[in-house]
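In what comes next, chain A is part of two complexes: it sits with chain B in the first one and with chain C in the second one.
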Partner chain A sequence: MARYVLKRLLWMIPIALGVAVLVFTLMCFCPGDPAEIILGSTATQENLAAKREELGLNDPYIIRLGTFLSDTFIHFDLGESWITGASVKEAIAERLPRTLLLSIIQLIISFGIGIPLGVMAAVNQNKWQDNLCMALALIGISIPNFWLALLLVILFSVKLNLLPAMGIGGIEYYILPALAGCTNGIAAGARQTRSSMLDVIRSDYITTARAKGVPEWQVIVKHGLKNGLIPIITVMGTHFGKMLGGTMVIETIFAIPGMGQYIINGVNNRDYQVVQVGSIFLAIAFSFCMLAVDLLYAAVDPRIRARYAKGGKRRAKKA
Partner chain B sequence: MKKLGKKLVALGLTLSMFALPLAGCGGSGDGAQTTAAGGSGDGGAESTAAAEVSGGLSSLEDGVLDIGVTVSWETLTPFRSNIANNVPFAYAAYETLAKLTGDKEYIPWVAKSWESAGDGVTYNVEIYDYVTDSAGNSITANDIKWMIDESKEAGLKPCFSKVDHVDVTGDYTLQIVMTEDMVGAFEQILTNTFVVSQAAYEGSKDQFATEIISTSSYLMTEFVADSVISFEKRDDYWQKEELIEPQNAANVEKLSFHLIKEASQAGIALETKTVDAFVQLDQNTATQFEGNPDFTLKAMSYINGYQLYFSGDESRIITDDLNLRQAICYAIDTEGLINGVFAGYGQKMHDPIADTSVGYLEKWKDEEYYDYNPDKARELLEQSDYNGETLVLLATSGSTMQRLCQMIQGYLLEVGINLELNLVDTALYTATRLDGSQYDMTINTVGGDSLPDHWSIRYDCYAYSTGDATGRHDEELAELLRTTWTQAGFTEENIDAVHNYLKDNMYAYGMVQPENIDVWRSDLGLQEAVVTNKGSVNCLSSVYGE
Partner chain C sequence: MSEQKMETEPFLQIEDLAVEYYSDGKVISAVNGVSLRLEKGKTLGLVGETGAGKTTIAKSILRILPDVGAKITGGEVKLEGKDLFKLSEVEMRKIRGNNISMIFQDPMTALNPVQTVGDQIAEVVRLHSKGEKHDFVKRAEEMLEMVGIPAERYHEYPHQFSGGMKQRVVIAIALACNPDLLLADEPTTALDVTIQAQVLDLIADLRKKYNTAMLLITHDMGVVAQTCDDVAVIYAGKIIEYGSKEQIFDHPAHPYTIGLFGAIPSMSGDEEWLHPIDGLPPEPFNLPKGCTFHPRCPYATEACRGGTIDMRRTADGHQCRCINIDTVKKQEG
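== the complex of A and B ==
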């Protein structure tokens, strides 16, 4: 198992490098002169030329790419924002925990509600409970986040005065953003769970368990859900990865200075350093999510666990 | 029975789908009224109905004046231009040598006095000899010279490129020599030089990015990039009480600025008392507070107007077709734009520059300036060489700009001009705007403390390698500008000549000068609002009720 984890961690190096090269190249060929954006519309030609030289924009692409890769991956120097001059490393260190917290809360709510809904729909297939759950899932997928966010604010902050409408602070500041951002997750969780459970509950071992007189809830949760978890975990992992980088709308509405806003502002301002480093960071975070998903597979399915262990031993023998 | 159950579930679902939106869409429910749009039309208008409630700053629950803003910040470094431009907390963070007030007057701040040596380029400046920062460092002329030199080298504030050199002539006196004789250029140095101690800056761990030491009457106590910045009044402020100008006064003990970019959330922040005031609130959001006695609205002329610049590049059909340019101007209903885009908060312009700039002549407001006249537009179009080609309008893609462009597109279509909108992000716009071959017209919001400041970056054909800011090479205009922007040539007659030249040749059309709306809780009893040159209330220096 440890060997497998190590192998996956090593795989992250080419992934991060690939993302770095791709993002760097895309930004390089984006229209828009960073020197002009930094200095503003009133800058003189001399100032612009000096700024381009300072930023290395006059160097050939390959030199710039090499410098960026060596600074980032060898010297671990993430540089400074070209627009604000603030350290990118510090900015990410400050913003990532907020986005992470928001994403974790969203994930908990999404799948805390989505999985039970999916189970209920599956065990009551084609009954009103099933229709209700799937209708809720449909609504969840269809509702735009920004619209729901404003409705939640008006209801819980303006009318009921229960939760803060915006800003950062304690955990209470993250409840409305998480609720507004989790409807897609709830829907995805419910639909995936229903689908997985429908496959599982028709299996022979479920019939056997029932025939042996195992209580129904145990049949559903212990035998059914546990075996149907693999695709649900995949959806959860992918969803979490997406949330890490895609909470820009929610962050803007709720005035949360997080990673989504940071990277989008970077793109709009052609702040190469911010976009490049931010993207690499998100790629690595996404890779970790996928690793966690694979490890969770092993945790819930002994067959996969055995396969990992077997694979490790076989390679050890060959060596 | 089963069918009935299904129907009930369906009914329940339908009701819940309607109930959720309705639960949110009913307004605040505690007195906030929404009224029809209708701005004041002229700068400085104030509306309140709450004279009887004026608890003053003592009515603040936590003793902190919370102010909502829409301009983001990520660093506090004194060399970055974003700090200088329109950031409402700039006055609390740093002091400058002098300040330009809302009345277009330069008043001393750290500088005690300044005078011209008479040659138009040399200026002598004296600073107070007892200026200290919050860490106790004394500020001398060497610190000021260092700051100007560094600003020039950094190149992030373009006004410093007009400084030739600075000589220290005494402990607290210095001589600033400019590169050319241009009205307002030296004054821009006075208002853009943030005063900090060189020793404090060099000792800073992050070059004042997140922690600053300045001479300001406020001490920064909290800074979260893109979220909140808080200040507390200093007990050891260097200036003598009797010498503090009212525009520089520190009348609030503690204050916090909160970044709220989303317009509807800004309104909610005021309603829920998350903030006590909001600076530069979106005009359409501001209308919801009109007539509400709990809030005071103050509408002030914005320093930048929305201007339509016509391409000067020879490849565009519009460049040599004055009739077409004039037809476009007559076809645009600026009053319609004010009501449709800015909720009535704005005024028609009479020159491409806003009326807040130093040198603007009030008499222009009485002149006929391409007032909306579709018939005249059609007539001019007949006389033009236009044959139904599709013209291109380049602009940024922000929501306000989009609405503005769409309305202009409609107005032009009405008289028979086809217009294609090319709305791009700010970065792409910045990269394209000087290339007149890419568009027939472009919308910009270029301001300037003074007329020469604006002219030099827009119409001077020697300013850019491609000509002026739209690729035009009009040497006659350049000559006129160079005569006018010197100290000796900056006469009403010359200024008027430039205005008329631009108007007659229609290189640029001033459309709308919107108003900034600041909204305050009425119970703060804002008695005397000090207005900044940026067209918003200076919350630090304003006078509140007791």
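== the complex of A and C ==
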């Protein structure tokens, strides 16, 4: 098991390198002149040329890539924003925790509500509870986040004056953004839980559990849900990854200085350094998230645990 | 209730049980008026083709038919005089796994893949007895040893066991609370022949120890011969012949039963061909009128095609649902 984790951690190095190369290359082909953006439209040709030279934009692609990779991965020098001159490392250290916190709160709300909804739908298949849950899921997946965010602000901040409308501070500042951003997660969680529970509750071992005299809720939760968790965890993992990179809309509306906002501003300003380093961090965070998913699989299912223990080889399962 | 021969309450009495399934708007009559009785410590064999309603009968006794799409539409199941269909869900739960337990057909899927086998045995003990966790664990370990699995394997998961071993675990779960009645649903069908014998012996030993009655569901006449006291032959959700093992094996009366024996290879006879029963079992949502077996029956007459055919007694305790018994008897000699 420890070997498996170590292996996965080592795998993150090539992943981070790959992302770095990819993002760097993409930014290279991106139209727009950073020097022009930094200096504004009034800058003279000489000033622009000097700025380009200073930023190293005149060097060949391969040299720039090499410099970037060695700075980032060997010297751990994450550089400065070209626009503000602020240290990227400090900015990320400040912003990443906010995005992480927001995503984690969203994840907890999403699946804290989504899983019970899905279980209720599956247990009452084709009854009104099922229809209600699936209608809620449909609404959840269709609601635009920014619209819901504005409605929540109007209700809770403007009318009721209960919660802050924007900015950062204590945990109360995260409630509205998390609520606004979690509808997709609730919907995805509910739908996935429903379909995997529908498979599971028709299994023979569920009948066995009933025949043993196990109370119905224990049959559903202990014997059913635990077996149905694997696909739910998968959805949770990918969803968490999406939240990490995709909270940009929510961060913008609620003026939360997080990673999403940082990278988008970087893209708009052709702030190459910010975009590149930010993306690498998100990729690493996503990798950790996927590792957590795989470890959760193992925690839930002893068959997967056994496979990891055998060195992670995927054996074809005999029927 | 027409019979008066039994004065005392039988241990298990099933009266006119009827179960329907609903699928795609069709009503499927899986069990149509089945009546059975079983005394303590005895074994009743329920024999019939796949789809005849055998498993449905067993699941009805425990009331574990699926909620959606299945319904017990009539009849009663009495265990020591207590009508199980009138009990509340909570009372029923105390009976499941404790007084009545069930061994399932397919050991590969009957165990929860994410729970250790020991915990699965201990769970049923915990539900039906008082005590501390270590008592349950101890009992589970005893049961494992009793079915021939070392107690050290308590913490292993089903995927680490072979099919025969899994069936032993299923048996251990079923017998952990010393049930009065064991419903064995084709306990050996999924196992190979050598393991079959072991499992049957194991069930027999454990039953002898606790004087457990057993309803054995099977389509294997050999298993019936080895284990049962009485036999009920089921066809399309109805019992068509019912009697002691000797009566059924030595003097089968119903053409279907005779056909079943004709389809078994004989070790002593010099016949070269087996005699399969022509045709297929009827579609359960479209049962033939009259005797459900008449489309396949070589003795069918006009009278078989309509009306209700009742069980009639041929010998003491031997009943048969056929109006042409005498003709059949003469012809088969």
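The criterion applied here is as follows: the second predicted complex is superposed on the first by the 311 of 319 C-alpha atoms of A that agree within 3 Å, B and C clash if a C-alpha of one lies under 4 Å from a C-alpha of the other, contacts with A are read in each partner's own complex, and residues count from 1 in each chain.
Methods note: a contact is a pair of C-beta atoms (placed from the backbone, for glycine too) under 8 Å apart; a residue touches a chain by one contact, two chains touch by 3 or more.
For clarity, every value in this text was computed on a predicted model and none was experimentally measured.
With the two structures aligned on chain A, chain B fits next to chain C without clashing. When the shared chain is aligned, chain C comes close enough to touch A:211, but chain B does not.
Looking at the shared chain after the overlay, A:99 reaches neither chain B nor chain C.
Touched residues of chain A, counted separately for chain B and chain C, are more numerous for B. When the two structures are aligned on the shared chain, A:151 is found in touch with chain B, with no touch to chain C.
In the overlay built on the shared chain, the residue A:279 is in contact with neither chain B nor chain C. Contacts of A:50 after superposition on the shared chain: chain B is touched, whereas chain C is not.
Here the vertex is the CA centre of chain A, and the angle it makes with the centres of chain B and chain C is 150 degrees, a multiple of 10.
Within the superposed three-chain model, A:196 lies out of touch with both chain B and chain C [touch as defined at top]. In the superposed model, A:87 lies in contact with chain B only, and not with chain C. Between chain B and chain C the least C-alpha distance in the superposed model amounts to 16 Å. In the superposition on chain A, no chain A position is in contact with chain B in one complex as well as with chain C in the other. Interface of chain A with chain C (complex): residues 125-126, 202-205, 207-216, 223, 226-227, 300-303, 306. Interface residues of chain A, counted against chain B in their complex, comprise 30-33, 36-47, 50-51, 81, 83-87, 90-91, 94-95, 128, 131-132, 135, 139, 150-155, 157-159, 161, 164-168, 252-257, 261-262, 265, 268-270.
The touching residues of chain B, when paired with chain A in their complex, are 5-6, 9, 13, 17, 20-21, 23-26, 28-29, 72, 74-75, 77, 79-82, 155-156, 158-159, 161, 206-207, 209-210, 224-228, 258-262, 264-265, 268-269, 271-272, 274, 425-428, 430-433, 446, 457, 463-465.
Residues of chain C that touch chain A in their complex: 59, 62, 64, 66, 68, 89, 93-98, 101-102, 104, 106, 109-116, 123-124, 127-128, 157, 159-160, 170, 173.
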